[in-house]
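Below are two complexes that have chain A in common, paired first with chain B and then with chain C.
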Partner chain A sequence: MGILSSIKKREETFKERLSLLEKKEPSWFLEQRRDAFKQFSKTGLPTRKDEEWKYLNLSPLSAADFGEGKTTQKVTLPDWPSLADTIIITIVNGKWDAKLSHNLKELPKEVVISNLSDAMGSRIDLKKNINHPVADSNSLLFLNTAFFDCGLFLSIPDKTAVKKAIVLWHIVTHQENSLVLPRSLITLGKSSKLDLVEFFMGQTEASYLTNNVTEIVLGESSQLNHLRIQDENKNSHHFSLTHVSQSYQSRYTSASFSSGAHISRQQCHVMMDAEKTQCNLSGLFIAGHNQQMDHHVRIDHLKPEGTSSTLFKGIVDGEAKGIFNGKVIVHPNAWHTDAWQKSNNLLLSPEAEIDPKPQLEIFAHDVKCSHGATVGALDPMALFYLNSRGISLQKAQELLTYGFAHEFQVPFDWMKNNFECFLTQKLTGLKFGGAYEEV
Partner chain B sequence: MLEIKNLSVSVDNKQILNGLNLSVKAGEVHAIMGPNGSGKSTLAHILAGKPGYEIIGGEIIYQGKNLLAMEPELRACEGIFLAFQYPVEISGVNNLYFLKEAYNAIRRHRAEKALDAMDFLKLAKEKMKLVELNESFFNRNVNEGFSGGEKKRNEIFQMAILDPTLAILDETDSGLDIDALKTVASGVNHLRNEKKAIILVTHYQRLLDYIKPDFVHVLAQGKIIKSGDATLALRLEEEGYSWALEKENARA
Partner chain C sequence: MSNDTQTIHDITNQDYKYGFVTDVEMEIAPKGLSENIVRLISNKKNEPEFLLEFRLKAYRHWLTMKQPKWQNVNFPEINYQDIIYYAAPKQKKKLESLDELDPEIRSTFEKLGISLDEQKKLSGVAVDAVFDSVSVATTFREKLGELGIIFCSFSEAVKNHPELVKKYLGSVVPYTDNYFAALNSAVFSDGSFCFIPKGVRCPMELSTYFRMNASETGQFERTLIIAEDKSYVSYLEGCTAPMRDKNQLHAAVVELVALDHATIKYSTVQNWYPGDKNGKGGIYNFVTKRGKCAGVSSKISWTQVETGSAITWKYPSCILYGDNSIGEFYSVAITNNWQQADTGTKMIHVGENTRSTVISKGISAGHGQNAYRGLIKIMKNATGARNYTQCDSLLLGNQCGAHTFPYIEVKNPTAKIEHEATTSKISEDQLFYLRQRGISSENAVSIIVNGFCKQVLKQLPMEFAVEAQKLLGVSLEGSVG
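Up next is the complex of A and B:
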C-alpha cells in the first residue's frame, strides 16, 4: 500500500524517515516535518469542495496507490543543444545526483550547492526562508515537507552574476505509482544575478506523481530569470508550488511552459514584500486529449511602488480542460502599485474546456491595475487564407496556433531557437478537434 | 483551362449567382466588371474554394477536373491563386516562413524537392524586386500592420513566388494610388504568358489601362450579361453599368 492511500503505511514510512533524519537535520526543522505530517494526515489531498481546487478533478489520484518508488532505468541528460553550455544539476526521482551533474566546476566558487538537509543543520538563518505558508491550500506543501528526501540548496552570494545558466534537470525513472517529492531552496544575495531553468521530464511511461516545492528568496537588487518547463509523460501527474519572496528593488522574471502530465496543477506565489520590486510572470500551456491543466498565480503587493505583470496563454484541444486562476492583491500600504494581468485562451475543439479567472483585490489608494481574460477559436478567414496558398488544414491550424503562442517567449536569447523547435513539435501533436488515440 | 457552366450559388438562402457561364483558355486575360453586389467577389471566392457558399446548380471544370470537389489547398497546389481583396492579418506568423511553407507544399504536390531556407530566400529576394517590396517585409508578420497598398503588393509578391496557372485578382486595384497600381500591374504583366490565365475582378476601367485584357465581361444580377473586348470596358466607363443593364433587361 502507498503513502497516499494507507494511513498505516504513511505513519510507518514517516517514523522510519524521521529516525534516519534525526542525526542530520536540526530540531526546528524536524518539528516542522512532524507538524506538516499531522496537517496532511488531517486534510489529505484537496477536493473540489475547496474553492481553489473546484475545477480540478483529483479523484483518480486518491484512488491510486502512490508511494515510494523503485527505479530500474538509466538516466540520460537533456538533448537540447542550447543546454550544452549550461550548468546542469540533475535531480533523479526528487534527489540530487552529484555524479550526473554537468559543468559544476564552472560555477563561481562562492556559489553553494548542497543537500538541503545538511545546509539546514549548519545554518539557522535558513529557518526564515523555508516553509512559507501559501494562502490558498497548503496540503501538498505539507506532504512535501513531511516526506521530501535530502532536497537541494542553491545559494548565490552577494554581488555575484552567474554567467552560465543553471538548469535543474528533474527526471523520473521510477516505476508505476511512485511519489516523487523534489524540494529546492534557492537564495540570491544582494545585487546578484541568475538565469535558472527548471525542467521536469519523465523518462518512463509510468503513472507517477510529482509534487515539487521550490522556494526562492531574492536579496536586494538581485535579478532572477526563471524558466519552468513541465513536459512530464502523459500518464503521470504533476503538482508544483513556486514561492518567491522579494526584497527591495529585486526583479523576478518567470516564464512557465507546460504540455505534460495527465493531471497537473502549478502554483506560483510571489510576495513583493519590499519597495520598488518588479515581477513579470508569463505562461503558456498546451493541453490536449484528456489532460487537465491548472495554473494558479498569486501576487501580493505588500509595499509601495511595485510593478507586476502576468500574461498566461492557454491552448486547449480534444476533451482537455485548462484552468487559469490569477489573483493580484494590492495591500493597504502598497501605493503606486502598477499591476496588470491577462489570460488569453484558444479553444481548438468543441469538447475542450477552459476556466479562466483573473482576480484583482485592491486595498490601497493611488494604484494602476487592470485585468482581463479572452477565450476564442481559430479565425476561419485566416485558415482559408492559408489553405488558399496550398497549406494543408492541419498545417494551417498549427501555424495559426503557433502565431497565438508566439507572444510567450523564453527569458533567455540563447534558448530562443531551441525552444521554438520544441514548441513546433508540441503543436504538431495537436488534433484540432479530431480524435486522439488512446495512450 | 476553366469552364464555368450554368453556375448558381447562394449564401444564407440568398441567391448570388444565377446561371453563370464563363470559359477561360490558357494565355488569356479576362476582366470581370460589374456593379456592387453583382456577385464578382463571390465568383472569385468560389473559384478558390472559400467555405460558406451553397452550390445550387452548375459545375466548374478546371484542367479537366471537377473543381468544386477539391479542397482549397488542393486547388492551390493545382495552380489556382486568389489575390484577396482584403488580405488577412495573421499575428505571430512570419511572412517569409509562411510563404516558404506554401511554396514547398505546392512543390511537394508536384513531386518536386522542397527548397531549404537559404535557397528559398534567394528566390524571394529575386521576386520581391517585381513588386518593389524591401526585405523588411520578410521578417514582419503576415500582413500585420501593413498599409492597404503594402497588403496588395504582398499578394502580388506571393503570386510571383507561387507561380500559378490560373490567377484570380479580386479588386486588387481598389485602394491603390497611381504608383502602387503601376507596380502591381507590372508585377501581373510579368507573370503573363501563353500557359497561364488571369481573371481580373474590378470595378474600374483604370486597371485595364495597365493590364490589357483579351476579354471584358459584365457581371450583373448573378450572371454575365455582356462580353466583349477591351473596348467594352471603355464604353462602360463612359455610359455606366445602367447602360448594360438596360440593354439586358430590354432583351429579356
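Up next is the complex of A and C:
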C-alpha cells in the first residue's frame, strides 16, 4: 500500500522517517514536519470543490498507490550539448547525488551546496527562510514537508556573481508507483547573481509522482534568472511549487516550459515583499494526448514601486486540457505598482479544452494594472496560404504553431539554439486533431 | 486640503435624494418564513394550484441549501426569520382607473419623477410601478393591448394568462438554481410580466419602477419577459428605497426568453439606498437575472448602471442556445463609501456562431470594493463562437479596491475569446490638463468619469442615459485625491 491511499502505511512511514531524522534535523523543523503531516492527513489531496483546484481532477491519483520506490536503473546524464559548460547538480529520485554531479569545483568557494537537513541542523538562520509557502495552505506542500528526504540547500553569498549557470538535474529512475519528493532551498545574498536551470525528466516509463518544492529567497539587489523545463514521461504526474520572496531592488526572471507528465500542476508564487522589486514570469506549455496541465501563478505586490509582468502561452492538442490561473494581488500601500499579465492560448483539436483565468485583486490606489487573455485556433487563411504554396498541412500547422510559441524565450543566450531544437521536436509530435483539410 | 480633494469630498458626501418614506396603510404579513407564510402569500393572491406547488417545492428546496460564501463581499449573517415577506399597500377594491390610486403612492412616484399619469403621454414610456412587493399601476396598457402585447403585473398574468406563466416560469432560472433564486421562488409577491407576440415591435419603452417603502421587509419580485419570433422589446428597470438604519434584502429573479430572431434589451438603473457614510443600513441587492436566447439569431442585451445598494451581488447572464444568437452585457458599477459590488456576467455559448460582448466598467471610491466576476463558457458544439470582454476599473480613493475574476472555459477550438482588463486611477496629468484649460476640478473629474463610462451609457435609452449620467455625477464627482 502507498502513502496516499493507506492511512496506516502513511503513519508508519512517517514514524520511521522521523526516527531517522531526529539526530540530523533541529527540533523546530521536526515540529514543522509533524504539523505538515497532521495537516495532510486532515485534508488529503485537493478536490475539485476547492476553488483553486476547480479544473484539475486528481481523483486518479488517490486511486493509484503511490509510495516509496525502488531503483533499478542506472542514471544517464543530459544529452543537451549546451549544458557541457554548466555546473550540474544531479538529483536522483529527489535526493542530491554528489557523485553524479558535474563541475562542482568551478563554483566560487563561498557558495554552499549541501544537504538541506544537515544545513538546518547547523544554521539557525534558515528558520526564517524555510517553509514560507505555508500561507498557500496547499496539501501537496504539506505532503512534501512531512516526507521529503534530505533536500538540497544552495546558498550564494553576498556580492557573488556565479559566472556559470547552475543546473538542477532532477531525474527519476524509480519503478512503478513511486512518490518522489524533491525539496530545495536557494538563497541569494546581497547583490549576488545567479543563472539557474531546473530540469525535470524521467528516465523510466514507469508511472511515478513528483511533488517538488523549491523555495527561493532573494537578498537585496540580487538577480536570479530561472529556467524550468518539465519533460517528465507521459505516464507520470508532476506537481511543483516555486516560492520566491524578494528583497529590496531584487530582480527575478523566470521562464517555464512544460510538455511532460500526464497530470501536472505547476505553481509559482512570488512575494514582492520590499520596495522596487521586479519580477518577470513567462511560460509555455504544450499539452497533447490526454494530458492535463495546470499552471498557477500568483504575484503578491506588498510594497510600493514593484513591477511585474507575466506572459503565458498555452498550446493544447488532442484530448488534452490546459489550465492557466494568474493572480496578481496588489496589497494596500503597494502604491505605484505596475503589473501586467497576458495569457494566450491556442486550441488545436476539437477535443481539447482550455480554461484560462487571469485575476486581479487591487487594494491600493495609484497603480497601473492590466491583464489580457485570448483563446483561438490557427488562422485558416494563413494555413491555406502556406498549403497552397506546396507546404504540407502538417508542416504549415507546425510552422504557425512555432510562430505562436516563439514569443516565449529562454533567458540564456547560450541555451537558445539547443532549446529551439528541443521545441521543434516537441511541436513535430503534435497531431493537430484534423480541424483543417489539406488543399 | 487641495481643491481637488475638496471637490471629491463634496461629491462623495452628497446625500441620497430618494430617502423619504411614504405613509400608506399597509397590509403586512407576520415576520419570518415558514410553509404557512408561503401558503399565506399564495392565498392572498388567489393563486392557482400549480403556483402554490411551485412555491412549496422551492421553499422545501431552499431549506436544504446553504447561503453561498464564495463571493468577494462581506456582510453579517442574514436572519431570514427577521424579515417580513409580504407587505402591500391596502386596497379595498380593484382599481378601475389610475385616478383611484392612493394619492400618497401616486405622489411618491411623482416625487421620483415617474409619471403614472396617462395624460403625460409625451414621456412615451409604459410604466409598471411596483410599490414594496406589489404592482400598483401599469400605464398604457390598452394601447399595448391593441398590438397583442401583454404588459401587466405578475399577479394579473397569473390570473389572466396562467398557461404562459406555467410554461415559462422557472424555465430560465429554475428554483434549484441558487440560494436566493430558491428563496425568491418561494415567496415572490409580484413583479412584471411582459409578452410580445410574433412579429411585433414594441412601439415604446416598457419600464418597471421598484420602490421599497415599508421597513424590515424584503423585496422579492419576479420579472418574466417573453419575446416571440421576430419581435422586439426594450425594457427598463429603476429602483429606489427610503433611508433606514437596518439592512433590507432585495432578492429578485428576472427571466428573459427570446425566440427566433427576437431581441430583448434590458436596461437597469439601480439606485437602491446605499447606506450612510459609515456603511450603516442600505439594501442588499442579491438578484438572479438570466436570459435565454432560445431561438436562432435571437439577441439579449443587458445594460446596467449600478450606483446604489450597500451590496450588489448579481450576474445578468445569457444562455446562447440558438445558432447565431447574440448576448451582450454592458455595465457600470460604482461603489462609494462602504458599498460593495460583486457583479459581472455569464455567457454560455451552446449554439453555433454565437457571439457575446462584455463591457464592464467599475468605479471605486471611498472604502468601496468593486469586483468583476465573469464566466465565458464555450461548449463543445459552439463552433465559431466569439467573445470579447473588456473590464476596466477606475480607482478614486486610497482605501478602495478593484478586483477581476474572469473565468474562461473553452471546449471548442474554433472559438475566439479575447479578454482584457485594466485598472488605474485618474492621473494628475489628466486633471491638470483639463484644469489648465479653465475647467473646474469638479467638472474635470466628471468629464473623465463620463468618458470612462461612455461605452456603456450610450447603450441606454435616452431618458435613462440622462438620469444615469446625473447619477454618476452625484455618486462620484471629484472623488480624486
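The definition used in the following text is that the second predicted complex is superposed on the first by the 428 of 439 C-alpha atoms of A that agree within 3 Å, B and C clash if a C-alpha of one lies under 4 Å from a C-alpha of the other, contacts with A are read in each partner's own complex, and residues count from 1 in each chain.
We adopt the following convention: contacts are C-beta pairs under 8 Å (C-beta built on N, C-alpha and C of every residue); 3 or more make two chains touch, one makes a residue touch a chain.
Worth saying up front: this structure is predicted, and the values here are computed from it rather than measured.
A.B. asks: For the three-chain model obtained by superposing on chain A, do chain B and chain C clash or fit?
C.D. replies: Fit - chain B and chain C, as placed by superposing on chain A, sit side by side.
A.B. asks: May I ask you to decide whether A:Gly376 touches chain B, chain C, both, or neither, giving the answer as first, second, both or neither?
C.D. replies: Touch partner of A:Gly376: chain C, not chain B.
A.B. asks: Just checking: does A:Asp125 make contact with chain B only, chain C only, both, or neither of them? Give me first, second, both or neither.
C.D. replies: neither
A.B. asks: Quick one: name whichever of chain B and chain C touches more residues of chain A.
C.D. replies: C
A.B. asks: Given the touch rule stated above, what does A:His406 touch, chain B (first), chain C (second), both, or neither?
C.D. replies: Once the two structures are laid over each other on A, A:His406 reaches chain B alone.
A.B. asks: Taking the superposition as given, does A:Asp79 touch the first partner, chain B, the second, chain C, both, or neither?
C.D. replies: In the superposition, A:Asp79 contacts neither chain B nor chain C.
A.B. asks: Applying the touch criterion given at the start, work out whether A:Glu353 contacts chain B, chain C, both or neither, answering first, second, both or neither.
C.D. replies: In the superposition, A:Glu353 contacts chain C only.
A.B. asks: Between chain B (first) and chain C (second), which, if any, makes contact with A:Gly390: first, second, both or neither?
C.D. replies: first
A.B. asks: Quick one: is A:Pro332 in contact with chain B, with chain C, with both, or with neither? Answer first, second, both or neither.
C.D. replies: Touch status of A:Pro332: second partner only.
A.B. asks: Nearest approach of chain B to chain C by C-alpha atoms in the superposition, in Å, rounded to an integer.
C.D. replies: Least C-alpha distance: 16 Å.
A.B. asks: Which residues form the common part of the chain A surface touched by chain B and by chain C?
C.D. replies: In chain A, nothing is touched by chain B and also by chain C.
A.B. asks: Looking at the complex, which residues from chain B come into contact with chain A?
C.D. replies: Counting only chain B, the residues touching chain A are 48-51, 71-73, 75-77, 81-82, 84, 87-88, 90-93, 98-99, 101-103, 105-106, 109, 141, 158, 162.
A.B. asks: In the complex of these two chains, what residues of chain A are touching chain C?
C.D. replies: Its residues touching chain C are 51, 55, 332, 345, 347-350, 352-377, 433, 435.
A.B. asks: Considering the complex alone, what residue numbers of chain A touch chain B?
C.D. replies: Within the complex, chain A touches chain B at residues 379-382, 384-393, 395-396, 399-400, 402-407.
A.B. asks: Can you name the residues of chain C that touch chain A in the complex?
C.D. replies: So the residues of chain C in touch with chain A come to 70, 378, 380, 393, 395-425, 481.
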